[in-house]
Each structure stands twice: as C-alpha cells, then as structure tokens.
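Lettered A, B and C in written order, each chain numbered from 1.
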C-alpha cells in the first residue's frame, strides 16, 4: 500500500517503514540532482501555500526552496498567530486557499492539543471540498511542526544519521540521547524531542530520553517510542541526569523544551484570553528552567560519550553559552566542534520536504525522478 | 471594438456586453484546462504587482493563483494603508513598480471617492510613462475592489449564477435580492452591492435592493442599475424590509455595508487626520447598525422565497449568527444549507482574474486559449 | 581576469573597468531583449534571497524583477531591522538561507561601519559553507546599498549618463556636481554620494562635491575618488556652496545625507541600546539640517549651469519643495522639468542587477546572452 500518494504527512508514526525509506531515498536523489545541475521541476505552474502560525526562518526557507525546486510558487497565508481557529473559519479558509493549490505546509506548534488537530481539521475540509466539486484536486498537507511531531525535522535528522554512519542498517544498536537542555527562553515546543524518539526507535537504535523532573513529554508518544523499540530490537530508557544519560552515547541531541504542564496551562489560558495569567506563567516557567542550568552539554559531558566524540545534533538555532546567550544548551567549544555537522543536518530539510511533495503528487515518485534524470534538463 | 485588450478593468459598467461575456467564456475555459491538467501558461517570466490598501486573504489568493496560472510572479507593494496618495507620489510609484510589470492589481476600497480615482491616477501615470519611453509596455490595471465596484467579485458571482441556472439566458426574469444585513463590524465597503446591482441589471434580472433607511448606495450607481434594467427587460426596485424584499426571490444576497454618510464622513476625517473623530464615528456607526439586528437572513425569511429555496449568495466571509459572531448577516442553518455553494461561488474568482489578465495582454485571447488546448502541455 | 564570475559585487571600487563595462553592456542587452519580447530566462528554478535591513520599495522591486527576468524566485528573509548581528548568528543564518540559493541581495545601509562589514561576514560564512560541503554552490552576494556604496544605483546612474550623453567617452571632461541638499528627514545614508564620486571619477569626469560644513563623506572614499580623478584625466574638488558648485555644471545631483559624525554616534548609541540618546540625536540632527534650507536646487541655481540646463539626477524619491514636503532638496519647477529623466534613470536598475546576477553565475555572460538572442524565446 502506498501511504504517501495523496495522503497528508502529519506524523511519522502513521507512516510505514517503506514510506519513510521512500522519502529518504527521494530526498537523496533530489540532492544529487542539484549537485549535477539537473532541474527536478515537475510542475509547470502551481501553488504551495504556507501557513505559519509561529515565526520561522529556517523551515520557511526549506519549504520555499522545496517548492521552487519542483516548480511550485509559494503563497503565504497571513494568520493571526494568537488565535485558535475552529469550525467554519477553518473549513472556509481551507477551501479559499486551495482552489489552485497543490500543497499546503502548516506550522502550528504553540499550543498543546491544538496544532495536529488543526491540521486534521484542514484536511477534512479539503476532503469535503474536493468531494463536493469545490476543488479540482485535493492539496496535500505537510506538517511543518505541530504540538506532537516535527516530521520534516526528524526525517532530515534521520537522513543525516544515515549519511554520517553510512546506512540505516548501521544505526542499529547505536545509542542516541535525546536530552533536555537549559535555555533562557520560554515555551519551546515539545515536537522535536517527541519526533526524535518516535522516529529513531523504529530503526533499532537505543534511545535514552533525559530530562529534569517536570519536563516529561506527551505520555502517549513515549509509549509509541517504547513499543517501537521493543519491536525493532532497540532499547528505550528514561533518565533524569544528563551526565548519566550521555555515557557511551553515539549521538547526543541536547535541546530545550517547555514543561508539559506549562504547555497545557498555556493553551487553557490562551483559550480563556487570560493575558495576565499568560505573563505570570511565563515568569514561573523561566524560574523553573533556571533551576536546571547545569543541563548544559559541555566538554566534560562529551568526554563521557563513546570515544569522547558522540555526534552532537541540534535543529538550530541552538542556545550556545557565551555566544547566543549567557548560559544555554551547549558550550561554545562543543558546538564549534560540530557546527558544520549541524549545518549539514539542516541542509537535508529542503530535500525531505520536496520528497514529501513529490510523493504526495505522484503514485510512483521514484520512477518520476528516474525520468527526470533521463530528461537531464540543466537547471542553470 | 475590443474594450479589453490593453484596457484597464476598473468598472463593469464601462465594458461592453461582449467584453463581459468574453471574460466569462475565458474563465470557464481556464477552469476546464485545470480540470484536464493542461497548463495555460502564456508568460515565460513576468510580474504581476499587487497593491492592497486593505487587508485581504481571499482576493490576494485569487490574484496570486491567477498570476501563477499564466506564468506571472506576484510582487507585493507594501503601501501605508491609512494614507491617501496623490500627485507626484502616485505618478512616481506607479512608474517605479512597472518597469517590468505586466499586470497591476489594486484593492483600495476604504475611502469613498478615492479608490477608483486612485486607480485612474495610476493609469494616467502609466500612460505617460509608456508614451515617454520610461516603460517598455503599459501594464494593465485590474480593480480588485474599490469604493464603487468590485468587478472580479461580481463577475465571479455572475459566472456562478450562469452555471447554477444553466445559462445567462436563463437569468432573464429571475428575481435577485441584494439586501443589506446586520453585522457587528464597522465600515464594510459598498462596492459589493453596487457591483451586483450594476452588473446583474444588464442580464434581464429583476433586481430588488433592500436596506434600512440611511444605508443607500452611491446614487449615481443606482441610476446606472435602473437604466440597465429598463434597457434589458428587467425591473429594479428598492425596499426597506428584508422580509418583504425576499418574497418569491430566486436569489438572495444578504450582505452588510456601511451607511453612505458614514463612509463620506470617514473620508473627510481621514483627510483631516482626525483620529478622535474617526473613533467617535466608529461608535456611532456600530450603534446605528445595532438598531437593525432583525436584518438577519434566516429560515423564516428563506421560507418566503421561491419554493422556499432561493439560492443564497455571499462573497465570504459571512457573519454567521452563533458561528462567527453572536448575531450576524445570516443564520447558521441557512448558511450551512448553501455553504458549499458559496465556496463554489468564490472558486470562480481566480479564473475571472486570469481571464482579465489574458484579455488585457492578447488581442485575440480566445484563440490564444485554443492554441493552449492544442499545445496540451501537462501542468503536473 | 574575470572579477565578476563567482565574485560578490560589494563595491564598485573593487571592480576593474572591464568588469564595470561588462555590467553596463549586459544591462543594455537585457533591456533590448525586453523591448523585443525575448525572454532572457537562464534558470529553470532557483532562488534569489533578499535581505533588507532597511525599508525599500524601489530596490526591492528592482531586485525582484531582475530575479524574475532570469528565472529566479525571490524569497525574503525577515530580519530584525534594529539589530546588528555578528559571529555565529551571521554564519548560521547565511548557511541556512543558502542551501538552494543562487544569489543573495543585501541592503544594510543604516549603520556606519557595519553594512559592508556584514556583507563580508556573510560572504566568509558562505565560503566556509561551500568549502565544507554544506552548500552545493556558493551563492553570489549583491550589495543593494550599504554604509559605503550603492553600486546598483551608481551603475544605473552611469548607464543613464552613457545613454543621455551618447557614450562613456562623451562623459570625459563633463562636470558633475554631487551636492548635499536640504531635507526635513533624518539619517539618510551616505552611500549614494559616496557611490557617485567613487564611480564617476573613473570615467574622466570633473567631480565637484558640495556640502555644508559638517556633512563630509567617509574620508577614505573621498581619497579614492581623488585618486581616480588623477588617474583618469578628470578633476576633483570640494566646495561649500551649492550656488558656486553648480556653475557651468553638465550634471547636478542634489541629494540629502546625514552628517558623518551623527552617523558615527548613531551606530555607537545603537550598539549601547541607548534609545534616549538616539531620540536626542535625531532632534539635534534635524536642527542642524534646518540651518541649511537654502541648499535647495531651484531655477535660479539651475540657471547657473551649462546653458542653464544641466541634467538633474536623483535616485528617488526626492524631497520636492511644496510637493512631498514644505521645503526640500529641489524646487517643484526644476524637478518637473527632469521628472521623466529621473524615471528613466531609475529604470536601468533592474537590468543592472540582472547583469550582476548573470555575470556572477556565468563565466562568459556576454556569450550566454548571445545564445539567448539566438534562442529567441518569446516572453509573452
């Protein structure tokens, strides 16, 4: 079964292993076409809508460059960021921005319990619109980060790991530490760590999730990761010390996120329009964070990893101590050592998104790319 | 005479019946090309400037998708919204954004007596720029809503009616009610009702314009509609009760707009920079609106229409009672019944705009589209 | 040596005469292709990033239309305007917006000592990214105005002069007056006058730089202009009276700029985050400007020029007395006489930028354009 063609890409956990491997394969192919100056354009006109309900430079660029690669033009929808829309507003807007749209990319990561739900509501509206003859085709939705998952990030991360260690097979038995880290900023989404544990657990890796008390992830997603590990020959454990967690790690991903309870309260306060409550919550949360400044990934902790040089990962921008902030997620020394690697990690994202677009629109996307290689149209 | 080729599209009342029918025909053809996955791209590079002096999601999308369909790239001009520009500022800006521009779409609907005037001023500046050798070609202007008319909306509405009732011929003798409706929001332009009465009166329809005392439209446009009705075998009447107006109607278009006097005062206050006066005017206007909450189109009123199921129309977004506001233009029940129809109505707009672009740029636009059918270039 | 191919275009003073002439030649060729309805598209997909750290309508349009002409899509980077970024932030962002980027256009003209430096920092980050395999190719940077130079403006101005007087050769011995002029607005960059004196002095023109005491330009750039004049058979002088300066001038370029000391202080205050200090400085600066209201270019001053009709130039928008402000850089009468000429002057900019893009990406850009003439692909 092809679970990519004409299917939204909302959660990696909904996709088969075959589907995920297809995305990785397509992304690599697209990257090699770029290196050979071959244009992979498959659209002669067409629109990719971007709906960002949170600020973004990197993902915005990745989405725009993926669209451009395939011949689509990006059109941005200006959405009010602090408003949770439902019902007729969503149904109507979804149709109004889809009359000639091929792909819709949505980032909605600020409010727990809302982002992924919103994407599904948009999807249902599009289904109806297409069935009722409002839309000439059903635009595909790509999750550009929600409250539950960040699939374009986690798949770019997986592709980076595949390239770094040589193959997906080589990832089996590797220890990856997904660790909370201190940050002076507030309200970072849980989607990156959740995306990492849910995805990497499917490739036989040994997952260690580390965070201070109170910073747990959505329990249901942790259960998915545990089950994946069992089914794929890996292990899954949780610890509450970064130093303990990183021992003998092959990969360390230190990244801040907000406490689950704070994220829940925030959604409630927002729904109630309680501005004062939101301000107070921010102060409480920052004070809570500040108790865990020792959750910085530094040279000492790195020395505890396998051969002292576990691959450091980050989705960027990182809070680098003494560089982008006084005290942060990672020491300047450690970051600098892996800086270029983090850039490479980020560089896979445009291709991952383009692969998702391609797989959504073509039943046999791999053979479409073969034809593109044969066509051999120079991009420049 | 071809009054589309190299002519701005500013008011439907300036265009011949033949011109309007050409736009409808081209729009339908473009829509059918989309359904057949044929690319109608006629530009290899080119720019469509959009100048929005008022917020817009739907028209912005329609303009962007029309441009994309034909191979043009949209470039937005950031204009200060609260400023009425004249003279050298307009002349200069018009030229500065036109060196490589094919089409300029302008929305300027906020200030009575200003929007259409502004478009003509831009047009004159472009004429001069082209004659003086500043511009290699004369960009065509498309009115995306002004203080007098909203031609891309009214023509999309007409195309919807043609498709719904089977032909333009079938519209003869149909009763259409353009009715004011209550809205809790302030300062909605008069251009939609004005556009509807000025256009539909040309196709032999029986127009009933309904509004509470004080909500009349620009008298000159009402005169145009009356004359059209006389010349085309229809009738035109005005009433001051929604319930009376909708009796035996084939089509009901309930839509809020601001009182004419308020719109006039607003323009004056704005020119004088009287912020306090503008705030006071808003309060007065909302209070005035609130006296007419019974101007809601509901199931009871619908039951009075022909067979109790007149086609409900709206340019969207509608103020739906209990859905998007407490009390509004239409009851949830009635809106839901015709919801998909309103989406279809909106769906014609991108094709209407693309048809206007095409007809502005090609002397024989219909034969250009025939060649495109023959070319048979797959879009995807 | 080809100092355009794969080289950033940051300052005209870094480029050879041959390079500058190539840009002018390419720009003219591109303009004539447009007039013949031939598409010069050389990219099949590709991105041009625009980074505007200051507001812009004209240059933004010019960059967008240049990109479109060649087949590139513009993607804007939203940058915080009031922040001077350095180090890792710049390195990272430069790479994140470059994975699939061909050209980066940057405007950063607000802070003395910062704009050009920032562009070079971006360039170094791109060099590293390309060398380290992060980027598949090295995007070229085009300076869209910095604290030192405004090369797309000065080269468009030069092309205008070449066309107006018939040839570059004809410019030899012509007297051009680059004069400060009064403006009621604050903090205009020094890059236009600096760009003009540094460039025009290379073509044997007699440069007269005029400004009231305190409005000198960056000394180092004045030295460059002086040396150019000596090496190219022209003269260079400075005066402190507009009336004296314009005598027997062939060309007069009256344009306001901020005092050098104010621009220096402003950068320091900004670095210190001293908002109060910045406000005070603005007041001081406006008061200082107001002492020189007689620095308006009017009919009387124009009568002193060669035959009383020296070519008036301006980069637009000009502060026109009685039109765009009470008292400004130029009288309405003089401006009106040369208004169309200023529009033509501005009209070269899109082609200059496109020429820079082309020359950056193709080793033999002139022969690429010849092939395009042979290809003869209609744009419309």
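Assume a contact is a pair of C-beta atoms (placed from the backbone, for glycine too) under 8 Å apart; a residue touches a chain by one contact, two chains touch by 3 or more.
Please read these numbers as outputs of a predicted model, since none were measured by experiment.
A.B. asks: Same residues or different residues where chain A meets chain C? The copies count as same if more than half of the interface numbers are shared.
C.D. replies: Different: fewer than half of the residue numbers at the chain A-chain C interface appear in both copies.
A.B. asks: In steps of 5 degrees, what rotation angle do you get fitting chain A onto chain B on the CA atoms?
C.D. replies: Rotation angle between the two copies comes out at 120 degrees.
A.B. asks: From the mean C-alpha coordinate of chain A to that of chain C, what's the distance rounded to whole Å?
C.D. replies: 41
A.B. asks: Tell me, which residues of chain C touch at least two other chains?
C.D. replies: Correct list: 73.
A.B. asks: Please name which positions on chain C make contact with chain B in the complex.
C.D. replies: 31, 34-35, 39-41, 57-58, 61-62, 64-65, 68-71, 73-74, 316-317, 320, 323-324, 335, 339-340, 343-344, 346-347, 350, 377-380
A.B. asks: In the complex formed with chain B, which residues of chain A make contact?
C.D. replies: Chain A residues touching chain B: 42-47, 73, 75, 77-78, 87-89, 91-93, 95-97, 99-102, 128-129, 132-136, 361.
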